[in-house]
Amino acid sequence: MEDKGKADSSTNPLVAVVMGSTSDWETMQHADKTLSEFDVPHECRVLSAHRTPMQSAEFAVSAEGRGIEVIIAAAGGAAHLAGVLAAHTLLPVLGVPMESKSLKGLDSLLSIVQMPAGIPVGTLAIGRAGATNAALLSIAILANSRPELRERLREFRREQERKVLEAKLP
Amino acid sequence: MEDKGKADSSTNPLVAVVMGSTSDWETMQHADKTLSEFDVPHECRVLSAHRTPMQSAEFAVSAEGRGIEVIIAAAGGAAHLAGVLAAHTLLPVLGVPMESKSLKGLDSLLSIVQMPAGIPVGTLAIGRAGATNAALLSIAILANSRPELRERLREFRREQERKVLEAKLP
Amino acid sequence: MEDKGKADSSTNPLVAVVMGSTSDWETMQHADKTLSEFDVPHECRVLSAHRTPMQSAEFAVSAEGRGIEVIIAAAGGAAHLAGVLAAHTLLPVLGVPMESKSLKGLDSLLSIVQMPAGIPVGTLAIGRAGATNAALLSIAILANSRPELRERLREFRREQERKVLEAKLP
Amino acid sequence: MEDKGKADSSTNPLVAVVMGSTSDWETMQHADKTLSEFDVPHECRVLSAHRTPMQSAEFAVSAEGRGIEVIIAAAGGAAHLAGVLAAHTLLPVLGVPMESKSLKGLDSLLSIVQMPAGIPVGTLAIGRAGATNAALLSIAILANSRPELRERLREFRREQERKVLEAKLP
Amino acid sequence: MEDKGKADSSTNPLVAVVMGSTSDWETMQHADKTLSEFDVPHECRVLSAHRTPMQSAEFAVSAEGRGIEVIIAAAGGAAHLAGVLAAHTLLPVLGVPMESKSLKGLDSLLSIVQMPAGIPVGTLAIGRAGATNAALLSIAILANSRPELRERLREFRREQERKVLEAKLP
Amino acid sequence: MEDKGKADSSTNPLVAVVMGSTSDWETMQHADKTLSEFDVPHECRVLSAHRTPMQSAEFAVSAEGRGIEVIIAAAGGAAHLAGVLAAHTLLPVLGVPMESKSLKGLDSLLSIVQMPAGIPVGTLAIGRAGATNAALLSIAILANSRPELRERLREFRREQERKVLEAKLP
Amino acid sequence: MEDKGKADSSTNPLVAVVMGSTSDWETMQHADKTLSEFDVPHECRVLSAHRTPMQSAEFAVSAEGRGIEVIIAAAGGAAHLAGVLAAHTLLPVLGVPMESKSLKGLDSLLSIVQMPAGIPVGTLAIGRAGATNAALLSIAILANSRPELRERLREFRREQERKVLEAKLP
Amino acid sequence: MEDKGKADSSTNPLVAVVMGSTSDWETMQHADKTLSEFDVPHECRVLSAHRTPMQSAEFAVSAEGRGIEVIIAAAGGAAHLAGVLAAHTLLPVLGVPMESKSLKGLDSLLSIVQMPAGIPVGTLAIGRAGATNAALLSIAILANSRPELRERLREFRREQERKVLEAKLP
């Protein structure tokens, strides 16, 4: 369980990015990078629903009190992390399905998105696009009460639009 | 495009529940019902990404200005509504895949969740559980700046827990 | 959380059958029935990985001390119950995927069987066949140190064989 | 949004090939190449249903007036481009599902082909074969009122047949 | 092989709707109905790629000479009809996958859409929506050289839009 | 359409191995090799259901008269070759689904195996194992009236068994 | 294990139809019926790869000596019957996947068709069409050395063709 | 059929690891390694349900008498080995689906897990994680009557937990 994020120690993280294994970092660094680009204080941790169940529960239970507003959880295969965290917190939880070796993330996706009524997890796309979009969706959530973040989102969209319009085919 | 919601006319809706067809109401009434149980001002509308593309765009563009904080979009098959609304707004957009006739919602799910990086949609489960959870997730998002909603969520969870613990097998 | 089993109160259960919802009983009664036919002391309970996460953890943590030797866990959709129990116990855990409404149990199956290395769940077939077989596999496990159970399994197989051989086509 | 096609500036394009990202060009160049081989005036552009929604709508709305007769749209993942363009035009729209990283184009295919009644998209195969065939189908459509194009299609088929008949196994 | 269509005998059909079995009529009548609503002369026939291969080939070979401009082919399971007709004609061929009993049309869809480069089939959605949209796409194709059809399509879209906008939720 | 087989020109082929493209040879050489090892006169050809439909039909119609007893047909994607040949012959037809680029042969498999009642195709596994087994199954069919072939099959099985029993793990 | 077939006791069966359970008879009666219509001596039996493994092996080992020329094996779910019989005989084995409750026969299909190189099973479609076609394919195999059967197949095809050509749409 | 295991000749194996092919060793060595780390006497063998059916049956029949307490069976594609062994023994049988070339183990998984009621197979994840977990589950089963093994499992879990907690993101 490690703390990795842009924010200096005097800033409380608003978003927690949790992943089931260090091998998920290759994908989830794109969530970290996007949050950093928007200067959103956040932390990145490894916690496993299966190998560290008690620490996962404690993390989720204490997140609200620590000022976290959104939890992003990434896992692959029988991906239970997002659901387990959601079961222990009232905060919005976003899930990112990791591309798994054999079934290419279809297992991860279904394990995360098909939650029963009562405990919601907002699920993003499999892999890197999902990692980036989990960060963007958490920023959109934070932006509801932070107008400056909404402005930065607006600029981000404009820049994104500009890149498509200027794209050159070979 | 119809306005249906518990809130009286003097209250601005905070959540918009949009669906591609009146036939989705059978499922999406569970989002409406959940939002009503939490006394969250909201509106329910029919808008189609394909049959009313301009009104869908206008709706999304104007939602922020009208005070909406979360958009819930439900559609089936080649389900483009959530993505199309998300393309036109900075608000958090949640997608609910409808169970489709032949492919049972697998097409709806993939059409909603596999968004490219840049435009996020938080996706819930196929069908009724997803409808209820989209409402609960939107409440969790609103609750970040509304402590009384968080308390109601806490009670909801406690009640939900109690029901499971008191369940009797035949 | 209810105790339902053939064993009278003076007998400690050897097998625990846990399911995520009372609606799973229609399927899981076949596990109960099979265990009863073999006179295996057991208990049947409703516990939800998502709605009663703490009670699920406590149940799993205490099962070993109560003399339980096998845990059978049934759930549907994003079926986390078997994995969550397995994370909290060293006992063998068997998972039974419930047939889900839209995806017919493919989601339940992948959510249960695709566990990461370190926390095993032995998974049975979707639905009723899986419920019966989870009971039979738990009996085979108990039979390793209970020769009389192995004899009863042998008779069960002989009877089963006889039924096939005597089957009449119309 | 870039104009790329064989036609010199004095010729109005009859077919528009639109793709969601420059990374689709590796596949869609086969549509471009086939149209060029048949000397069909055409244009190739990058437009995103999600990142440039307004320009996509404007493009579709104005295509008919510019003399375009067929629109080919290529996208991957939650592939909304073909459906979004079809919603804004009366021209025949053909969709080409891109092979996506994790789900290999099954998501792209279902997102394009499963359109609701009212807004049709004629869908081709995933990837390169689909790109070539979208060009050939647009030529078959144009050929309905251009006998010389039909003759060239006839020659193309004959040549294709000849190649198979002369194929040598090692 | 039967001729069924709205057009009186003095009008040559422009669209041919071919299906592999009379049991497909329940679905394909929606193509027939849509074409009739637009007063498009057309014919509906039963022809099987497998049970009447020679008549299927002859039909496709002769369609162009008879003035047909678009062929719609519907089949289920290992659905070869659209591909077989496309192999024998230069006309645009549209395929409609029938919902099959066990695999719900996924087999039909893949059998129709995954054509190799060289012989295109424009594929519509599984089942009734696909039947209606095949008719609409064939009308859009015909409309390229028939301005009055394009106007009727425009009215159809307006009416369709109106219906969505006037939809009332219960 | 090329003739490739072990048999010298004085021997009529008993088995025809037909494939949709020269690129299938990498896989289908294993059918050729197996038939050669059993000294079964056979021929290998490229014929496409879509690009050479008439030659495919002629081939199938004439196969019985040329003394062919089994036809093996290999194709990928919307794999119609086996079904088209079966429609034109009374001989037993075996189908081998090629591994396709995007969908890995699931499309090929369903396109071949899901034939409607009336025209059977005996389908083997996707790829190389299917190619080898199509040859072995055709040999088993021929062996019904050729006792010496059955003896060679018996030896083949014995040798195969021996290899497994002598296998050494590292 | 029951003997059910048209042939009187003085005629040795040429085809054996084996199924894993009496519940498969509803589907497999169509194989029985087709074989009877062609006056092919045959037997129908229930044998389970899992519940009567030794009798299944003995059946397969002795089939060749009893004059059987083709074995048809039907099973559902983890459908091992065809593969297990094929492992014990040199006769051609045809497999019919039963439609299973949850996965609709996709499990049955993959369990039968994906045999490893060395032991072939010719697989037919899921369900009733597969049952009929397994009978037709076994007749085509027998017909290689029985010209009168081939003639009857020819008549069957003609009749089948006639029915399609005379089909009337409502 | 080879004997490979850590145990010296004076120790009877408690677990048998059987695989269908030497090519499965790359995956199944992780079962072997895990069993060795826990000093569980075991053997590793190659046996094929299809190529060595009689030896497979004999192996399963005699396993109980030789003191084996758990059988682990690994196979790919139409993976019948676990079911065939389970049919011939009363011991608990665990199945490990191998990742297959085309369908990536989905075929292996369904062939193993979807067993009919009466003959259970406890199924683990596709590939390496499944191999490791089959070993861990067999150890959990043995541990029911071997307290020292349970202690070692407890240490293993603690160590595993420690590794996650100490994981450092780059």
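Order of writing sets the chain letters: A, B, C, D, E, F, G and H. Residues in each chain are counted from 1.
In this text, contacts are C-beta pairs under 8 Å (C-beta built on N, C-alpha and C of every residue); 3 or more make two chains touch, one makes a residue touch a chain.
If you're wondering where the values come from, they're calculated on a predicted model, not measured in any experiment.
Colleague: Show me the overlap between the contact partners of subunit B and those of subunit C.
Modeller: Intersection of subunit B and subunit C contact lists gives A.
Colleague: Count the smallest number of chain-to-chain hops linking subunit A with subunit D, moving only between touching chains.
Modeller: The fewest touching-chain steps linking subunit A to subunit D number 1.
Colleague: Since subunit B and subunit E are copies that touch, just let me know if over half of their interface numbering is common to both, same, or not, different.
Modeller: Both copies touch with mostly different residues.
Colleague: Give the pair among A-D, B-D or D-E whose set of contact pairs overlaps with that of B-C by over half, matching residues by number.
Modeller: That would be A-D, since it shares over half of the contact pairs of B-C.
Colleague: In whole angstrom, what separates the CA-based centres of subunit G and subunit H?
Modeller: Subunit G and subunit H have C-alpha centres separated by 34 Å.
Colleague: Using mean CA coordinates as chain centres, what's the gap between subunit A and subunit F in Å?
Modeller: 51
Colleague: Can you compute the centre-to-centre distance for subunit C and subunit H, using the mean CA position of each chain? Integer Å is fine.
Modeller: Centre-to-centre distance between subunit C and subunit H: 20 Å.
Colleague: Subunit F: which residues touch two or more other chains?
Modeller: Residues 21, 48, 51, 77-78, 103-104, 106, 113-116, 118-119, 121, 125-126, 129, 157, 160.
Colleague: Using the contact rule from the top, write out all pairs of chains that touch.
Modeller: Listed in label order, the chain pairs in contact are A-B, A-C, A-D, A-H, B-C, B-D, B-E, C-G, C-H, D-E, D-F, E-F, E-G, F-G, F-H, G-H.
Colleague: What part of subunit B is in contact with subunit A in the complex they form?
Modeller: Result: residues 30, 64, 69, 90-92, 94, 109, 113-126, 128-129, 132-134, 136-137, 140-145, 150, 153-154, 157, 160 of subunit B touch subunit A.
Colleague: Which subunit G residues qualify as touching subunit H in the complex?
Modeller: Where subunit G meets subunit H, its residues are 20-21, 48-51, 53-54, 57, 76-80, 83-84, 86-88, 100, 103, 106-107, 110-116, 118-119, 121.
Colleague: Under the stated contact criterion, what part of subunit F meets subunit D in this complex?
Modeller: Those in contact with subunit D are residues 1-2, 4, 21-22, 25, 29, 44-48, 51-52, 55, 77-78, 101-104.
Colleague: Using the touch definition up top, name the residues of subunit B that touch subunit C in the complex.
Modeller: Where subunit B meets subunit C, its residues are 99, 104-106, 125-127, 129, 157, 160-161, 163-165, 167-170.
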